[in-house]
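A quick write-up on the structure given underneath.
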Amino acid sequence: MLKINKLNTYYRESHILKDVSVSVDRGQVVIMLGPNGHGKSTLLKSICGLVEKIDGQILYDGQDITGLASDKIVNLGVTYIAENRELFPYMTVMENLKLGAYSKNARGNEKENMAWVASLFPKLMQRQNQLASTMSGGEAKMLAIARGLMSDADLLCIDEPGLGLQPSYRVEISQIIKEISRQGKTVFIVEQNIPQLIEMADKIYIMEEGGISFEGGKYDVLNNEQLKEIFLGL
Amino acid sequence: MRKTGLLAIIFTFVMLTTTSVFAADTIKVGVPLAATGAYAGSGDNYWKGIEMAINEINKGGGLLGKQLEVIRFDSQEFAPEVVMQGANYLCGKMKVASVHAGWAGWGQDIRAYGKYDAPFFCDDGAMPAVDVYKSDPEKYYNTYFITDTGGDQANSMFNMLTALPYEYPNKKIVIINTDDAWGMEVGDTLSKQFKKIGWKVAKRETVPYGINEWGPILTKIRRINPAIIHIEIPSSQEVITFFRQFIKQPTNSILSYGWSITPLEVLTTLGKDADGIVGEMPAGMPAPKAPNAKAQAWVDQYMNIYKHPVPAGSWIAYTSVMVWADAVKAVGDEYDFKAVNKHLKEAGYDGLQGKMKFGENNTLHAQPAAPIVHYQVQDGKLVALFTDPPLKPYGEYKFQMPRWIKK
Amino acid sequence: MSLKRMILTLCGFYCVMGIMPLFFGGTDYIMNILIMILIWAVVASCWDVIMGFAGIFSFGQVAFYVIGAYASAILSVSMDIPPVFSIIMAGVITGLVGVLVGLPCLRLAGPYVALVTFAVHMTLVPFLRGPLGRAIGSGGSQGILTIPPIKLFGLAFSSDQLVPFFYLTFFLTIICTLVLVLMIKSYWGTAFLALKDSENFAASLGISAFKYKLMVFALTSFITGLFGALYAHYVGMLSTKMLSMDVFTILMIMMVIGGIGKYPGVVVGAVITVTLSQLLAPLGMYRPLIMGAIVVVLVLFLRDGIISPIIRLLSPLQRVVVEEE
Amino acid sequence: MFLEIIEVFTSGLINGSVYALMAVGLTLVYGVTKAFNFAYGSFYNLGGYFAWVLLIPLGVIGGYFSVFFMAIPFFFIVGYLLEKVLISPLRKYDDWEMKVMMLTLGLSLFMDFGYQAIFGPRIKSLPGIIEGTVQVGEVVLFQQDIVIFILSLSGMLCFWWILNNTRTGMAVQAVAQNPAGAQIVGIPKDFIFAATFAISTMMVGFGGILLCQKNFVDPMGSTDIMIKAWVITAFGGMGSIRGSLYAAFILGMLEAFVGWYFGMIHVQIATLTLLLVTLAIRPRGLMGRE
């Protein structure tokens, strides 16, 4: 479904991603691990057209989407859910969700998606008229995920959903991701604070210094004491 | 990098020095006028008069057998530096034989052109400019003011207003003037004169340029209901919007627009609506009929070329070129500045309206041959009611009661 | 640009400027341009330091210049203070005004700073023309027409004698340029650059944005006021017309041509702009039209002003010159 | 006295509606694209000249109705192209905000003197949309003022409605609040930037047509308009449309009452003092937010 060949990205003078190759199959949950600041977020952003200088090839469903504008990529069914949420602060929860369904392919299914999101996030629905800027960190994160789901995407690129959250929220997030995956969506996720997610993973990558240093199944990681200790803190 | 700067400088100075043209068979005449900015309209009026004079001289075989060549300079909005640049460019670099300006910087111009000797004709019409001249008449001997100062013009306005065949219902006047030298001078003089004869200056307001919403001022005026409202804003927009807003709920007042009646747009925009407003023009041409056939021919020619009535400044700017040409002809050498200036100062000139002469402070004071003309708008045109000095009714034209005054 | 290179460049430039009167001393028109180049080069440099190095969107440069000019004119005309002292006092007054303006500005950002500083510019017109201005001796709308020349060692410096005035300006220009260069290249300058890059980052280094920005405002407005005063005594007359948009835009064009924050590019910008403006003056309304077009094209196509492409263009030439030497 | 106050109040109301019209476009473009358009006043004048060319030399059929009808596509296209050609290439620079200011300043110089070169330096007057007066009690009003008041207010309400109730309007707001977030949900940011610029150009062009027929088309008047609009937007809080509306009416009233009570000469100082005091207390203006 998603195939990345030798991707390089640059920010100002620095070379961030170096010859990164990744592949994600339909319906999979793929997890990317690695130390902070080594380019995991950049990879997700590159996929979604949010990074300007890129070099290499990104294929989505066989179509080359390298360097395509972000709105076109969203339209194809790839959505990024940002680590720092990127909500619209002076809009209500409901308005944020509606804007999540801005892209053309999502508009037709807005009602179904809204119902689905409502079932997944009952708490958000109770607060649908609250301004996004007044929400707590955990709620805002939920809203960011919910808004991402509204885009009717097939591939969700989720960036550190559990970062800085209380354990209870992390559990909730892992359950939600399980549910998303069960719906047939493909999930490419950067996350290392939620051990439960590893259990779901079909494939695991580890990124260090802008390059892929490890690729394998979840048991490869779970059985490797060293990796387990470094990246999962177990 | 060092070389860059050096090359840039060399390049620019080669450009600067080579642009001066050394053509010997023409006489260069400098014309620093506002071609852009807020005063461009008045600059255009002066320019038309000057252009007409130059073309006339050139068609008649030139001056001393040489054609006149005009060198224009845009004095923009008369920033001190620009005024000085103009003088340095025209007199210093282009070596013009005379400079014909209109509004030129209210005193700054006297200093800038006083450094040179070429005759400098300007229409500053304000006391501060004359004061600069008076500070060193020797140095500024080449300066000629082609109209009277604001104070003298205001005295004439006062005389006209009191001579109108009209019984004022009360003795209250409202004066609105701009915050520049001209407006203040006229406002001060008028208020002094009216107070002297026992009138009350019920409101004196100094306003900046650019006002289009007169509601607050008109509200006060309506309460006062003065016998005269005098507006002195030498710009067309403000006086037009004032009239439009005044007329929707008028008071029983004579509207005296002073110099502000003269900008071209006032009448072309308001047309017959403006009937009844009075105003004046210094060194003006009485209308609709000129005082003599020669003058009438000139007016007809002007209207033919420019397709509009003669605005303030055109005639006197035309005359200033003619006065200078006359002096050059008498002296026989356009660069003998001493002699040309002496001739200008001492000999008179036989203009379209008669014999005229520069008087005290090199000023062309109002005189029968260059009178202050007081008009009233009648049927959408300026109609001369009086000429001054001496203040006397002009021709058979009669004052008409403004339509908004209710008996 | 390294300190050495910067100083060498400026040295070269001012050496050439310094010998110009030998060739053009007799031509008032060109001497006037040369003097204006010197004055504008410093005023524009100050603006470059504020905008380019300190990263403050100040639009008050012309206002400071006019404040300096008026201050010195009023002091010397109304209070009979010898111009030599009034010029320095004008600089100090402008510096103080700079601090006063800087204080509220430092809490603001972007177009707000531009607006507040420009508001100072806008209030100056009604202030100087109105009763308050007349009370302190601004001469109202007609301005001040009789500003005395600067008298020093028995010599009078004014627009009547251009060559001596040129060298007086030249002397002050050199001093102020040195001060600016030292500021840019000192710890201060480094601090400005850090501030411009990231205020948070600089704060973490212990650089107080507030203190430094205020110091920039004070120093640059002092120098600007000083040159404004010099200008007042040079032309001998002042009016509020100095605050027209034209002067403002011309100054802005110097920076665009020279490149913002590319000191000493702005000095070359001043040379080109003043000359161009003078050359185009006979064209009337086409002058500002062309100037406007130049700004649009330069901003669009030359990100660092005209300097770097000129260097690139001239580098083969330079090599030839060097080889011949 | 009471009648006088009513009259001054109406004058302030008219001022306010005019200012609101001028300011909303500027604040919108700043709020959404963070680009400050210094050529704003020149587009106001473009509106005036547009109407003049159509009405006087061309004598278009339908008068102001056709003028407005043609102005919509004209100004939209002009604004859109302007953003695409001149503004958006600058976005890649770090100091693009400063560059945009300088470029638009140059553009305004170019446009203002371009008008003078084409149409001459003299002012032009337009025929009134409607002539005549209406008497309400003791107060006499121009029908023209009423038309301006109604059109500008309804135009703005309509615009407000579009902004809050349509998908595109919401997208515009989204870009204003969080450009990165907008990109994530698939809003074409560049298009929204250009479209916003186009809409703002359209609004100021409309303002130019409406106000120039009341006053004049003055080639040099653009700086005053720009400064006025700038002061209002900063006072109200840049980017806040509601803020500019309040600011426009507050300043309109201030102008009318200061002019009436203290004299017109004090208006500008009063306005700027109010602005400076407001910014000292609230650095982002009345309704501005971080």
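As written, the chain order gives the labels A, B, C and D, with residue 1 at the start of each chain.
By definition in this document, a residue touches a chain if its C-beta (ideal position, glycine included) is under 8 Å from a C-beta of that chain, and two chains touch if they have at least 3 such contacts.
Just so it is clear, the structure is predicted and the values come from calculations on it, not from any experiment.
*Asks:* Common contacts of subunit A and subunit D?
*Replies:* none
*Asks:* Check C-D against B-D and say which one is joined by more contacting C-beta pairs.
*Replies:* Contact tally favours C-D.
*Asks:* Taking each chain's centre as the average of its Cα atoms, which is closest to the average over all protein Cα atoms shown?
*Replies:* Ranked by how close its C-alpha centre lies to the overall one, first comes D.
*Asks:* Measuring centre to centre, with centres taken as mean CA positions, what chain is farthest from subunit A?
*Replies:* Checked the centroid distances; the maximum from subunit A is B.
*Asks:* Using mean CA coordinates as chain centres, what's the gap between subunit C and subunit D in Å?
*Replies:* Roughly 33 Å separates the two chain centres.
*Asks:* Distance-wise, how many Å sit between the C-alpha centres of subunit A and subunit C, to the nearest whole number?
*Replies:* Chain centres of subunit A and subunit C, defined by C-alpha means, are spaced 53 Å apart.
*Asks:* Measuring from the mean C-alpha position of subunit B to the mean C-alpha position of subunit D, what distance in angstrom results?
*Replies:* Averaging C-alpha atoms per chain gives centres 36 Å apart.
*Asks:* Which integer distance in Å separates the CA centroid of subunit A from that of subunit B?
*Replies:* Their C-alpha centroids are separated by 75 Å.
*Asks:* By residue number and range, which residues of subunit C touch two or more other chains?
*Replies:* Counting only residues that touch two or more other chains, subunit C contributes 126, 130, 285, 288.
*Asks:* Going by the touch rule set out above, which residues of subunit D reach two or more other chains?
*Replies:* 113, 116, 121, 265, 268
*Asks:* Which two-chain combinations qualify as touching?
*Replies:* Those chain pairs which touch are A-D, B-C, B-D, C-D.
*Asks:* Applying the document's contact rule, which stretches of subunit D touch subunit A when the two form their complex?
*Replies:* Where subunit D meets subunit A, its residues are 167, 170-171, 173-174, 177-178, 180-190, 289.
*Asks:* Residues of subunit D touching subunit C in their complex?
*Replies:* Residues in contact with subunit C: 30, 34, 36, 86, 89-90, 93, 95, 97-99, 101-103, 105-114, 116-117, 121, 223, 227, 230-231, 234, 238, 265-266, 268-269, 272, 275-276, 279-280, 283-285.
*Asks:* Help me check something: in the complex, which residues belonging to subunit A touch subunit D?
*Replies:* 48-50, 69-71, 73-75, 79-82, 85-91, 95, 98-100, 102-103, 106, 147-148, 151
*Asks:* Please give the residue numbers of subunit C that touch subunit D in the complex, ascending.
*Replies:* Residues of subunit C touching subunit D: 51, 57, 104, 107-108, 110-112, 114-116, 118-119, 122-123, 125-127, 130, 245, 249, 252-253, 255-256, 260-261, 285-286, 288-289, 291-296, 299-300, 303.
*Asks:* Could you list, by residue number, the parts of subunit B that touch subunit C in their complex?
*Replies:* Residues 1-9, 12-13, 15-17, 19, 35-37, 71-74, 76-82, 84-86, 88-89, 92-93, 105-108, 111, 115, 126, 128, 131-132, 135, 179-181, 184, 208.
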